[in-house]
Amino acid sequence: MSANVNVNLLTPEFILAGMGLLVLSLDLVLPKARRGILPWIGVAGLIAAVATALIYRWDRVEELYGGVFIADRYSLFFFAFLVILGGAVMIASVDYVKQHIKFPGEYYGILIFSILGMVLMASAGELLTAYIAMELLSFSLYVLVALRKYDSKSNESAAKYILLGAFSSAIMLYGISMVWGVTGTTFYDGIAAHLTANPDLDIGLIVGLSLIVAGLGFKVAAVPFHMWAPDVYEGAPTPVTAYLAIGSKAAAFALILRLFSEGLLPAIEDWRVLIATLAAATMVLGNLVAIRQENIKRMLAYSSIGQVGYLLLGVASLGVVDAGGAVVFSERASTGIMVHLVGYAVANLAAFLVVAVVYSRTGSDQISDYRGLAKKSPYLSLVLSVALFSLAGLPFFAGFVTKFYLFTAGAEAGFLWLSGLAMVASLVSLYYYLRVIQRAYVDQPSEGDEETAVERSTFFVPLTSWLMLGVLFVGMILIGVWPTELAAAADSASDALGTVRDVSTALVR
Amino acid sequence: MNGVEGSSVTDVAFWVVSAIAIAASIMVVTLRDIFRAALFLALSFLAVAGLYILLRAEFLAVVQILVYVGAISILIVFAIVLVRDMPGGGKDNHLKVVAATVAALLGALAIFVSYNSDFTNLDALESSNADVAAALTGTYDLDASNAVGDEYEDQIAVAPPEGAEGTEIGIFSNSTGSIGGLFIRDFVLPFEAVSVLLLAAMIGALALLRQRGEES
Amino acid sequence: MGPNFLDNAFFRNIYCNLSESDDVRCSGGGWLGDGLLPGGFEWLAFLITAILMAAILITLVLNASLVFIWAERRLLGRFQSRIGPNRWGPYGSLTPIADAVKTLFKEDIVPAAADRWVFNAAPVIMMVPSLMVLAVIPWGTGTFLADLNVGILFIIAITSLSTFAIVMAGWGSQNRYAMFGAMRAVALLISYEIPMAISLLGVLMIAGSLSLVSVVEAQNVPFILVQPLGFLVFFIASVAEINRAPFDVAEAESELGSGYHTDYSGMKFGLFINAEFTATILSSAVIVAVFLAGGRGWGFLPSQAWFILKMVPVLFFIVWTRASWPRLRIDQILSLAWKGLIILAFINVAVSAILSFIWPAPSTSELWLMAAINFGVLIVSVFAISSWFGSGPVSTPRMSHDEALPRPRPAGLSAGGDS
């Protein structure tokens, strides 16, 4: 490869960055009344970015800058997924932003920058680039979390998020420097080559990898690095909470998946037990603590911690050691992770959007206040129930299929006990999801009860939210009933991970 | 370098600078007076810059002074001066012993690891990429073939001046050009991502702090 | 490769006398022969020579600042139709020495409320950056302590340290005037560091090096002609960085006592004053090295003499500015930096980048061409920026409500004193 890199391939990323700048500068120029079009301009830009990516990168496998940036099916899958997800969050926040946030331009501009960070995380082929992309995402999120600046909860959660986020980045950077010191490279395939050549791990490498895992664990809120999540989720503006729970996790898993399958796979026997333990702890603790939550955002926070446990189960089963002692990449596991991420994203976004709409009408996030929702707004409570059922993994909804993919992959890789544990945890989760649904549908006010916030307020669902919820509803059912297309796309993305690219072009080996 | 290389002068300088860095860091966490703690933080950064110079990474050293001492510490001090009500620092709390123990354990682990791990792969790295090697050691090996962008070699200021034996320019080695080459050639993508990051952070900070004219 | 100062005959002799160095330039030995120190002690020879050279340079510069104090006071006198100091020595030339002696013998007072440790450390720290910058300035051929290949960055980095001294002085005094002065100084220094650093980028692109020695070597045409816009921004920014009028809000006598050093007396006060004048001299030296081709001149004078000769008009210009301009208000100063100088500096960077892309290694005639283009850019951009500056509403700082009585206020830049 020469220094003339094919910059055309980066066009989608350029479009994203340009859209962010455009939205920010339009905010300066437009009169206040016209700023409602900002999110739609942003969404149009995101659609353009996805379209360009699909056109330029379809069937293309290329490494830019000697492997710093990898364009393949996997990147493409996550590009489309993450940008669409970001666009969905953007549309979902239109009503909320109008009501509660003073700086629409900054909100949408920084949201687009964070999407850029997410897609770079998925396509980075090198630790430092991945780290910087992750920081781009994190910094944008710090700002977004704090944007309700006259709300003390928002401030508190932003402070916690920034401090712990900075702490975890420092841990991860230290880990990266250890890995670099031992292997002499930060490129995933260089690390893999080193691990293959030196099967006995150096102590520095072990510590470095543990620190990287800890740093990433913070970002995805895996137990025992999850303490920040519920507080931050509770205080952040609800669309941002949804974005935190879905977008940042999906992007972090995109990074983890590529790092672990392309970089660390040869040493799988050294880390699979560690990851499996993390997975077990995460799914048990997340689901058990969720039972006791009274605030629905906190409940969803703990439930999303539980979901991270399932995804980590997939990471732990990324490779199997065959009879000859060679490590074989398990495409099923990575397909499972991707499919589950999509299903989880759709369902969780729907749930959070309902919470946001209810909050805009009632000003309350308490589960007890959801009594009477079915009467006031059958549509909202229907979507909420479907979303929660899907999260719990009931058949006919997205969650069932995606969990099926994931748990079978885990069982195949020899983690039968963990898959069993995951199923038990899913059952537990059904309990607390059902509590909400019971509250919405079944509970009747008894004598002397005060009216709940839902019952007091007049209800109507704004048009954008209504349409968005409809799309998500259809999505949940569609994935649950007819998952083949999605699975095929994820499969071809996993193929890209499994193939060894031509490494002779890379910069440092 | 100056006929002092490898002699005891560099050793002595190393120990002195390290001692200052460590002592200043300890002062930062133990002093009650937060203003003085901030000053010691700056001193500690300065000492780290000294370590960089001893490692012959003079560009890094100067950037360390410029960014950490001249900008970050100043901002910390500025914030302390603006919030004058905290000369005494925080109150004691019961986690002090626990925190100290954990910190000591982690420190011991870090020392143990850096003594026991095998960092020899960096030598292999130096032979494989001229730019990285130059950034690490300050010596530019013109013979080492560089897979990326040989055609730019004459345009960046890494090559040694004609006739000079070795590659030292001035009293320090010249790694600036190599670092620049890595920044704007091989790693231009993360470099640009950082600029987007800084822009987002700056806009965010302004949005969060702006008071007047909020309505406009 | 031996120490840099071997290029200078004087220090070469000292070094070669002491050491048994096999450097070619030592082949003839020194005045006293070769190798007074046993072999293996080259480092000691280096150390002795270096310390000697540093001591000579520091003494020279400190004395030069005394001369400059006298010259400035005389000049200010002329500018203001006064006579200026004239009692002690011919034309008052011994006045600074009398002042120095007086300062030394004054009582050294530390206010009771002061944070003693910080208070006492501040003046010392104030001197450090000025003296450290000395090391990298090429006073003439071979006359420099260190040819750092990041010399220019080093200067920018080191001068930013003086901010600490000012904050420490303000905080340590525990005095409101001092604190206000310190806050203003920090805001000003942080703001002007940015255009100062950016304005040098054009120079670096043309010279292709961060080393001051190489920058001087590259100036077949002085960079004040090749980089007029860069020079303009750099000059304004360095006048601001050394806290001199019209940017001397930090110690504005008419408003703040004397700003951050209000509470200092005796030699500590002397150190502050001395540091200020040293910084002025050094910034003129940097301007000479970077923009006026350093010690390059015609053969009939040694290069060191050319260097000092070139410093004279720069210093005169700085004094002239001080005498002619009223003090700016702090908000005007900051908006000048952020809305004016930074933009100009970026324009300069963009133009220089394009020009040095066209001519990567410019010959002398190409340098002249660049100069012509850059002068055009200078005129257009300064005109554009200043008309934009003039077009906006005149902003006056808002008062707190009980104070905000309507009263007439002169438009535009008003003399300091009523901020």
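Points to keep in mind about this one:
Order of writing sets the labels: A, B and C. Residues in every chain begin at 1.
Everything that follows uses one rule, which is that a residue touches a chain if its C-beta (ideal position, glycine included) is under 8 Å from a C-beta of that chain, and two chains touch if they have at least 3 such contacts.
Quick caveat, the model's predicted, so the values are computed rather than measured.
Nearest to the overall CA centre, using the mean of each chain's CA atoms, is chain B. Across every pairing of chains, the maximum count of C-beta contacts belongs to A-B. Here the CA centre of chain A is 33 Å from the CA centre of chain B.
Averaged C-alpha coordinates give centres for chain A and chain C that are 52 Å from one another.
One finds 26 Å separating the Cα centroids of chain B and chain C. Multi-chain contact residues of chain A (touching two or more other chains): none found. Of all the residues in chain B, the ones that touch chain C in their complex are 2-4, 7-9, 33, 35-36, 39, 42, 58-59, 62-63, 65-66, 69-71, 73-74, 77-78, 81, 155, 157, 164-166, 168-172, 174, 176. Interface residues of chain B, counted against chain A in their complex, comprise 109, 112-114, 116-119, 121-122, 124-125, 128-129, 132, 147-149, 151-152, 185-190, 193-194, 196-197, 199-201, 203-205, 207-208, 214, 216.
Interface residues of chain A, counted against chain B in their complex, comprise 1-3, 10, 17, 20, 24, 32, 64-66, 68-69, 102-103, 106, 109-110, 113-114, 116-117, 120, 128-129, 132-133, 135-136, 139-140, 142-143, 146-147, 149, 178, 181-185, 194, 202-205, 207, 505, 507-509.
Remark: chain C residues 1-4, 19, 21, 42-43, 46-47, 115, 117-118, 146-150, 153-154, 156-158, 160-161, 163-164, 167-168, 170-171, 179, 182-183, 186, 190, 193, 208-211, 213, 360 touch chain B in the complex.
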